[in-house]
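Structures are listed in the sections that come next.
Both complexes below contain chain A, partnered by chain B and then by chain C.
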Partner chain A sequence: MLELRDLTVHYGSRAAVRDVSLTVERGQTLGLAGESGSGKTTLGLSVLRLLPRSAELSGSVLLDGEDVAEMSWGRLRAVRWTQASVVFQGAMHALNPVRRVGAQIAEPMELHGVSGSVAELLEQVELPASKARAYPHELSGGQRQRVMIAMALACDPRLIVADEPTTALDVIVQAQVLGLMRRLVDERSLSLLMISHDLSVLTSTCDDLAVMYQGEIVERGRATSVISSPRHPHTAALAAAFPTIGAPEFRFAGQAPVREPLLRTEELQVNFGPLRAVDGVSLEVGRGEIVALVGESGSGKTTLARTIMGLQRPSSGRVIFDGAPIPLKGKALKAYRRQVQLVLQDPTSALNPRHSVYEAVAEGLRIHAIPGDEESLVTAAVERSELRPAELFLPSLPHELSGGQLQRVVIAGALALGPRLLVADEPVASLDASVRGEILALLLRLRAELELAALIITHDLGLAWNIADRVAVMYQGRIVEQGTVEQVLLDPRHEYTRKLLAAVPSTTRA
Partner chain B sequence: MRIAGKLGGAVVSLSMVVVLGFFLFRVIPGDPVVSWTRGRPTTPEMQAALRAEWGLDKPLPQQFLDYLGKLLRGDMGTSFTYSRPVLDVISERVGPTLLLVGTSTLIAVLLGLWLGIRGAWRRDSRFDRVSTGVALTLWSTPTFWLGMLLMMATGDLFPSRGMRDTDTAPGFFSQAVDVAHHLVLPSVTLIAVVYAQYQMVMRSSLLEELHASYLTTARAKGLRDDLVRRRHAVPNALLPVLTLVFLHLGLVVAGAITTETVFTWPGLGLLFYEALTGPDYALLQGLMVVTAGAVVVMNVFADLLYRVLDPRVRAA
Partner chain C sequence: MSVVWDRRRTAWAAGWRAFAAQRSGVAGLALLGLAVLVAVLMPLLTGADALNVARVVAPAWEPPGSGHLLGTDHTGRSVALLVLNGTAVSLLVGLTAAGLSVAIGTLIGVTAGHFGGWWGALLMRVTDFFLVIPALVLAIALSSVLPRGMGTIILAIALTSWPSTARVVRAQTLAVEARPFVERARALGGGHLHVTGKHVLPAVLPLVLVNTTLTVAYAIVAESTLAFLGLGDPTRLSWGSMLHQAQLQGAVSKEAWWFLLPPGLGIIAVVLAFTLVGRALETVINPRLRG
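Presenting the complex of A and B:
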């Protein structure tokens, strides 16, 4: 169906894809794994010759025996979407925000003169026909992804290229979307090339697996055997980022001693109008304890974190820090915030692109007017977050650093203020597999050395298994279950926790 | 609900303009009585009489209250220079201004958007570089200087003063041709000076959209390049540009002071200029209210239009 022969793609002098040969047979499902920058998206785009103008392509891309690279523009346009279609990453931006989704699904059918009905397509992806009149922003992430899939099926292609089709979806929604794709691929005996950084997603959907690293395919084989006995070290690193819950080799945190409480919320409630975002939450974080707050988007976990940080006033209830209720305004609140620092998901947007590492770390010191030599404080914080030697990094600007290094800068900025609690919102979600482990190790070391406690907000149960001492599961504004990691993840009591755990795609289940 | 809020906001802005207009013009140097009687033999009694006639002998708060009271009854007062109701003087001048500035703005918008779209779509092409360069050069050219340059360059080809000749035959057609003839130079000047901003904003807005992944989706579907642009890229990129366009449409009523003055075009811009030299307080206040009113109304209109065009704003 699809055959790549010695495909090489250059952006200027940099080769994004190097000498890749790959085939996808009729009806075959192939997963292409790799971290950001590995060239997997470039490879996916080259199937329909969708690369930007700056890209230079050599080798051949045979789609049903015909070389895409050699086609005339007219022929190429005719082939696009009729022979192969694409399900893009992050359906929010892949859909035109000002056009109704029905019109967008119908567009390729009109264009290629294919008969069919939008309602039927929507039914196939288990959406009501009335959604055709919706605009993208009126749909949830899962629904938008379903619209993308319906759109990909519109002209009945033989091959579907899916680029990170479930990234940024909640686990349960992700499981539903993957199930849907699997079913449609089977029913229509489609060929599927699925691209993802997430090995567990690929193994739960695809029969075969190829691993891409620095523009080359480093490993290829049946999904099960690639996972169980990876031959290339990079495959092993990728697999490690998607831990098997319950497996001791993925548990990095040791047995936690009982600790005296540092932060406690008492029947905390936050209302936005009639909406109860946080509904009677009582949560505890001990000194030097790592607590994972798990829940899907919209469960209220971010609001809870904001309230704990003193950025949002509770409607009722209170937050106790170190034995005293947190101040609600003025200097006292500022002093409190110094002790509780925030680490955000995406370090590239959390840092000002025009501020050097030194400026980024020193800013907090200046705001809080911390006494002492600024330069030595900054250096110490940067060294603490393991950017060594610090002098090398201090003058750097964010764009000169890698994702992992940037996240260390963010952590250094927090550490500079000598906090006692880190609130980390998906601290590794936007990092590559190989960096993820390092950042988690850093958090554990900081805990050991500084008795730094952390409240980690995540939808990633694997992350909780990796480093948390205790887990709290949040659902519709309430903590439905909390306890030690082993209790909650291995012996879940609440219905919702069970559902969450069942939806985690596992590399071992495939 | 939100619309009511917008309208309320518009009323507040207008009231502030009324207050500001009243005091602002009284701060600028110049005594209307002195400048009006300059060069004429007048006695202090005559000056005092004039002052009383214009209401300038009363204390400032009293003057303001009088002004407000009349304004609420729809009376903008009497122009010092024309000795006629301000409203009459202004309404005579609205037509010519709408003709000149309206036509020019419309053409400038269309030209700017078209150039901006073409330039962004073929970024850094020769077309893009040349058109951007030309636009920026024209934008930074002083209006009066460009106007005079055009007058000299075209010689007697186009009239350079006023809106119509006195000796033109009275029929509608010949009158229209005459006005159009007079319109050429001032409108070309005006278009040349303002179209760049539409081009620049449209260009950067479209450049931003070009990275959007829904364009890749559209291409993957097999759409022709121009369809991708027309159907997907431009409608999205146009949204932020609209706000700017409507803000400027509001300013149309204010006229183009420099252009109208250079070409003695009998519009509101020229009237503004004349009133300032007085200063003719009553006329200035009236002009301020009318022009600010137009901006405020257009702004509300832009807001409403935006809600129609962007489904995301509609929902919010």
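Presenting the complex of A and C:
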């Protein structure tokens, strides 16, 4: 169906894809795994000659035996969508915000003169036909992704290229969308080339797996065998980032003793107008304890974190830190913020692009006018977060560093103030798989060395299994279940927790 | 830290290269340099008697070429000398008024954007008020109420031209404050001064710089207009006041084009220069505009 022969793609002097040969048979499902920058998206776009002009291509892309590069413009137009179609990354941006989704699904059918019904397509992706009249912003993330899939199916193609189709979706919705794709592939005997950084997503949908690293395919084989006995170290690193919950080899944290409480919230409630984001939450974090707060987007977990930081005022209830309620303004609030530090999700936007590493780390020291030699304090904090040698990193600007290095800078900035609690909002969600483990190990080491407690907010149950002592599950503003990691993840009591756990795609699929 | 300075120097050098690549911007800068040179040097080079009405000997309304390059005015003074000496006031008023106007606009814009809520809304309504009254009418009203003088003109122009800067700066402030690094700064314990001083202002400043050059152009035209309407400082020579005199003495009916045209061209040249420089700077700062 699809054959790539010695495909190489250059952007200027940089090779994004190097000498890749790959085939997808009729009815075969192939997962293409890789980190950001590995060239997997470039490869996906080359199938339909969708690459920007600046890309130089050598080698050949054969679609049903025909070279895509040599097709005439008219032939290429005819082939696009009727033979192969694409489910693009980020449904919000790939859909036109000012047109109804029904019209957008019908667009390829009109262009190609294919007959078909939008209602039927919607039914296939398990959406009610009435949704055809909705605009993209009226749909949820999962519904938008279904619309994208309906669109890809419109002209009855035989190959679908899906680029990160479920990234940014919550676990339960992700499981539904993946199930849908599996069903459609089976029913219509489609070929599927699915691109993702998430090995567990790929193994739950695809029979075969190819792993890309720095533009090259480093490993290829049956999905199950690639996962269970990876030959390339990079594959092993990718696999480790999606831990099997319950497996002792993925549990990095030791057994935590019972500790005295450091932070406690009492019946905390936060309202935004009529909307109740946080609804009576009582949560406790002990000294040197790592607590994972798990929930989907919209469950109120970020609002809870902001309230604990004193960035958002509670509507009722209170936050107690070290035996005293946290101050709401003035000098006392400023002093409190020395004790509790925030680590944000995306380190590239959490640092001012105009400030060097040195300035970013020294910012807190300057705000609190901490006595002592600024330069040596900054160096110590940077080395503590394992950016060594510090002198090499201090003058760099954020855009010169990688995601993992930037997250270390953010952590260093927090450590410089000698906090006792770290509130981390999805600290590894935007990082590549191979870096994820390092950052988690750093958090654990800091806990051991400095008795630093952490409240980690995440949607990723695997992360909780990796490092947390206790887990609290948040759903619609309430904590529905909390307890030790083993209790909550291995023996869930609440129905929602069970649903969440069942939806986690696993690399050890039967 | 010397590394920081090194980097700033390279950043400035890169900015200059991007600016220098635009011929119109460089032409504007050259024209501006010439104007500044004339403004500084002319008062020193012109003899005390040359512009004294009581001492000039040349006949009035003499056309160009007959001993005077651009002819003479109604008192027999050389128009060429008048125009060159008028540069200083036009530039001075233009620059100070624009500086003052942009300072007010930035202050109000950042405050409204940063604090938001009730205070922000109030400040923006005040801004809207100044935006809807015709600037020229307000400026005329102000300069006829306040005592005559250069200070009044500057104040009148500044008070009428700040709202657009305030709006632009407020929008940019809102955009910057939505970025996560501002949240991080707050979580580190940074107060209002820290957030606005360290994060918002540096991000807004490039925009303000461009706005200043464009406001100077407006201020120069406004100064000339006010002076032309006879609201200027009667003791100082400017292009606007020359046009005012020409009008009063009936230069049009005497067909003395040489009295009207040169000050007008002077205004056009300087305003054009500032606009060219401003547009070129805008392109340097916002690469998306590069064609």
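Before moving on, here are some points about what is shown:
Following the convention adopted for this analysis, the second predicted complex is superposed on the first by the 509 of 510 C-alpha atoms of A that agree within 3 Å, B and C clash if a C-alpha of one lies under 4 Å from a C-alpha of the other, contacts with A are read in each partner's own complex, and residues count from 1 in each chain.
Note that in this section a residue touches a chain if its C-beta (ideal position, glycine included) is under 8 Å from a C-beta of that chain, and two chains touch if they have at least 3 such contacts.
Computed from a predicted model, the values in this text were never measured in an experiment.
Partners chain B and chain C, brought together by superposition on chain A, clash. Touch criterion not met for A:Pro314: it reaches neither chain B nor chain C.
Contacts of A:Ile367 after superposition: chain C is touched, whereas chain B is not reached. In the superposition on chain A, contact is made by A:Asn96 with chain B only, not with chain C. Legend: residue contacts after superposition of the two complexes on their common chain; A:Asp346 is shown touching chain C, with no touch to chain B. When the shared chain is aligned, no partner comes close enough to touch A:Gly44: not chain B, not chain C. In the superposition on chain A, contact of A:Leu417 is made with chain C only, not with chain B.
Once chain A of one complex is fitted onto chain A of the other, the partner contacts of A:Ala78 are limited to chain B, with no touch recorded for chain C. Shared interface residues of chain A, touching chain B in one complex and chain C in the other, do not exist.
Against chain C, in their complex, chain A makes its touches with residues 309, 311, 334-335, 337-338, 341-342, 344-346, 349-352, 354, 356, 358-359, 363-364, 367-368, 394-395, 397, 410, 413-414, 417. Contact residues on chain C toward chain A in their complex (touch as defined above): 1, 3-4, 7, 179-181, 183-191, 194, 198-199, 202-203. Of all residues in chain B, those touching chain A in their complex are 212-214, 216-224, 232, 235-236, 239, 309-312, 315. Interface residues of chain A, counted against chain B in their complex, comprise 45, 48, 50, 76-82, 85-86, 88-90, 93-99, 107-108, 111-112, 135, 137-138, 151.
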